[in-house]
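So that we are looking at the same thing, I have put the structure below in structure tokens.
For reference, chains read A, B and C in written order, and residue numbers begin at 1 within each chain.
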Amino acid sequence: MIYTLPALFATIGSILCFIGFRKKERTVSVFTSLLSLISSIFILFSKNYSSSYFYVDNLSKIFSLMIAIVYFGVVIFSIEYISNIKERFIKVYQYFMLLNIFVAAMFFSVILNNLGLIWVGIEATTFSSALLVAVENDFTALEAAWRYIIIVSVGLVISLIATLFLYSACDTLSIFKLLTIKPTGSLFLLGAILLIIGYGTKAGIFPMNTWLADAHGKSPAPVSAIFSAVLLPVSLYPIIRLFQINHNILLSEFAFILGFLSVATASIMSLNQTLYKRLFAYSSIENMGLALIGISLGSYALFGAIVLIFAHAFAKSGIFMLTGNILHNYKSKKIEDINGIIKTMPHTGLFLFFGSLAVTGAPPSAIFFGEFLILSKTIDLYGWLIGSILISFVGCGFLFINYKVINMVFSGQRKKAIKESNFTLVPIINITLSILTFISLPFLYRFLQGVIK
Amino acid sequence: MQHNVFILIGFIEIALSIFMQWQNYVSNNIKTFSIQSWILGIFLMYFGVLNNNISIIILSILTILTRAIFIPRYLINTINKQIFRARENKHKVSVSLSILISVLLAIFSYILYTLVFFEFGKSLISIPITLMLQGAFLIMSRSNAYAQLIGYLVMENSMFLLSFLFNGLPFIVEAGIILDILGIVMIGGILMKIRDEDIQKEEELYG
Amino acid sequence: MLFYLSIAQLLYVIILSPLAIGILNFFNERLSSRGGPSIFQEYYNLFKYFKKQSIYPESSSIFFAYVPYMSFAMYLFLTLVLPIITAFPLTFGPVVDFVGGGLVFGAASTLIKLSALDSRNNYSILGASRSSSIGIFTEPVILLIFIMLGVISGTNNPYVINNIMQTSTSWYYSLVHLFIALAFLFVLIIEIGQLPIESNSLNELGSIDTLLIHEYSGRELALLKWGSYIKQFILMNVFLNVYTWPFFVPMKLSLISIFFYMFINFFKIIILLIIFAFINSMVSKYRLFKIFDYIAIAFSFTLLAMLVFYITTSGG
């Protein structure tokens, strides 16, 4: 089975880190992540596949590729970063073991053919990643990890109920069969609404988004990167499938409202953030809200959402890794303590600036294109008034975040330059990739034609 | 007959979760949860034997092993290592109020049934919903990590009852759910050992 | 015939109620490994009070002197209307139903509270305020219990309820009945004055009933004490004969069965007293202000009973 290869490599990596290779966990992890990257690129060119357990179409391939790229980058960045944390909560081999099993669960979640098993996979990501949040080993980190585990688990119980309802409404949980029978009925609708709320919790969608900023703010940089970049989109994956199964008007409006409220809260909340990692966490909420809007609207807005998710993954993972660099050199998490990064760490500063522009949707980036598609479809469906309110919220987010980032990067006195670590290359490559995604849009569109109707 | 047994089980579970609201001592809560899971497991086994359904019997044995025996024992072991967490002194909501609220949740879920679920048949649906809301309320009204975890587990138990009313999930999914719960409890136990509860006003978690 | 049976019931209650309390005290002491008083100790106490002189506070009005007689008469009246040794109504049976009986109970306790206020003793006033603040919360529970029994039986008549419980196994084994009985047990424990705060004792935070009659002495004190014994005895009888164990109560007029039932009834009460004694010695006492948690539990049981009724009857 070629499709399970990335997940299998990650699992093997995790097992090897635990047994036998405790001293060489870094080498093992780099090796397995490279293998899974190669295999996921290979999957990209193989045929669609569906059996009783696996359902792989182009959407799954895109998600696999995204996970694999971010995974590879995060593993490489972790090599040095994890050594710099003093008084770790878990040992280094445990860190890599959990990271690998976490990624394996995500790989599995996007290729499974059963909504119940997808739930199992996504819940598995929760408990495998909870200890990663607490690596820094102070009371705040533990509290953040605890909030993460309890709020997300409660949210996922809701989506479990949803799964139960879907099963009793349609007598099957297989995505392939559900796509063919096109179920309707009130029990299905109720299940679908609960499904959106439940998985929305994990994706940081409005009513239960409180854990997200805590967990992203307190976890070490590579973990924040992989959370924001892939964990949130993977939680949106079942919702994408749901809208493929039945694009109902009521459901679509419900998801639109949730997404709209997430965008609104995130953009307003980002105004009074004093810690830069929390600032970017709110930016993630905003982007996920936009992606949910895109998913709910369907057709070309769905393409916009996927582009947004894809480009956001690279840009946001890059940004979070760069914040790790800043934290390491400035020893502070507050925005007001940081100034003149461009003088002290030229590469970090420059790419933090580019990355934040890309993430908030400045024109040359692919995220701009995604947002553009989503907003135009919104205006098309819901009229100018709602569209312009949404645009103004996105604009507010753009202004607040970039204002703070520019303050951090360009202001301040001249300081002595600090030698940047060689691993800064990883976030730089990631941010560059996200900008280069713009070029690949036509290919992406042709590739996703089966998914977007 | 099954109908009546279900009502009996459901209301015993509800009464037990009201009892949980009453308790200050976490170990009592854990024992109550264990009793709940025992009742649930025995009910499941009875149902499986009645219908000659092997997968349900296996599931009931798994339920008893994990939820009724292993998880409570694991939690009690962790709590014995840090005995100062065994009692929760300050409730966010006063005890009598929380008892009343959890009863009102039962009535609320009956109303919810009459408004939303009535077209799906049974009025019994309101029982698992009540349990679920009570579990959620236990999480919200306590700051003790153990109590919160117990609240989550009560929600999961109610999920079992709910799946009994509907078609029930496929066996492989149920097995996966049990594995996940084990994972959550283990990781939660590791975190709880060190977590401090009076950290609400920490600046880094504000906003 | 019914009239003589009424008198027999009256004498049964008046004579045996101090004995029941004496037995309870005896068990309580024995369970804490002490010798304990004789089970007839309460009779000696009453006898001693009757011999003593009565003294009234100067500040009190004439009302103060009459209250013991009035409340005692009310309790005696209640013994005539409740199913204690028969399951068919006696001469005075049709006078009041459950709600009416509850009102008479309430009237008696209100009179005692008023007399406590009238005595102008600080401690009595403290007792009055405590017992009314508890009563505010217990009485809605009792009312809800009556309403639920009314829902089951379609009436508030205790005799009819007893007959339904004796004959209909489907109601007897229903969850509704179980929850009502549990709630009534909780309320009964409060009214008997043992748990959760031991309101009959003399300790500082628990004493409520003893404070109310703080200023009485002599014959009035004896009547008040005896009245409270009768009240507790009646409540235990109601709990057993109506709520939990309605069997063997004679439903037809037959002197032999009534005669035997008198012994069976007292045997039931002794079992209940043993249970109370065990609860007393095993469960720790509550602080005064924790009693509301306890009442909340009783209240939640009655509400659950109502919910069960709706869920089971509204087409499952």
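Quick notes on this structure:
We take it that a contact is a pair of C-beta atoms (placed from the backbone, for glycine too) under 8 Å apart; a residue touches a chain by one contact, two chains touch by 3 or more.
The shown structure was predicted, so the numbers you read here are calculated from the model rather than taken from an experiment.
Taken as a contact graph, with one node per protein chain and an edge wherever two chains touch, the assembly forms an open path, each chain linked only to its neighbours along a line. With respect to chain A, maximal separation of chain centres occurs for C (centres as means of Cα atoms).
Counting C-beta pairs in contact, the chain pair with the largest number is A-B. A separation of 37 Å divides the Cα centre of chain B from that of chain C.
As a whole-number value, the distance joining the C-alpha centres of chain A and chain C reads 66 Å. One inter-chain figure worth recording: chain A and chain B are separated by 30 Å, centre to centre, where each centre is the mean of the chain's CA atoms. The residues of chain C lying in touch with chain B in their complex are 175, 179, 290, 292-293, 295-297, 299-301, 303-304, 307-308, 310-312, 314-316.
Residues 114, 116-117, 119-120, 123-124, 126-128, 130-131, 134, 139-140, 142-147, 149-150, 153-154, 157, 160-161, 163-165, 167-168, 171, 173, 186-187, 190, 213-214, 217-218, 269, 272-275, 278, 333 of chain A are the ones that touch chain B when the two sit in their complex.
Considering their complex, residues 3, 7-8, 11, 14-15, 18, 22, 95-97, 99-100, 102-103, 106-107, 110, 122-124, 126-127 of chain B touch chain C. Across the interface of their complex, chain A is touched by residues 116, 119-120, 132, 136, 139, 145, 148-149, 152, 155-156, 159, 162-163, 166-167, 169-170, 172-173, 176-177, 179-180, 183-184, 186-188, 190-192, 194-196, 199, 202, 204-205, 207 of chain B.
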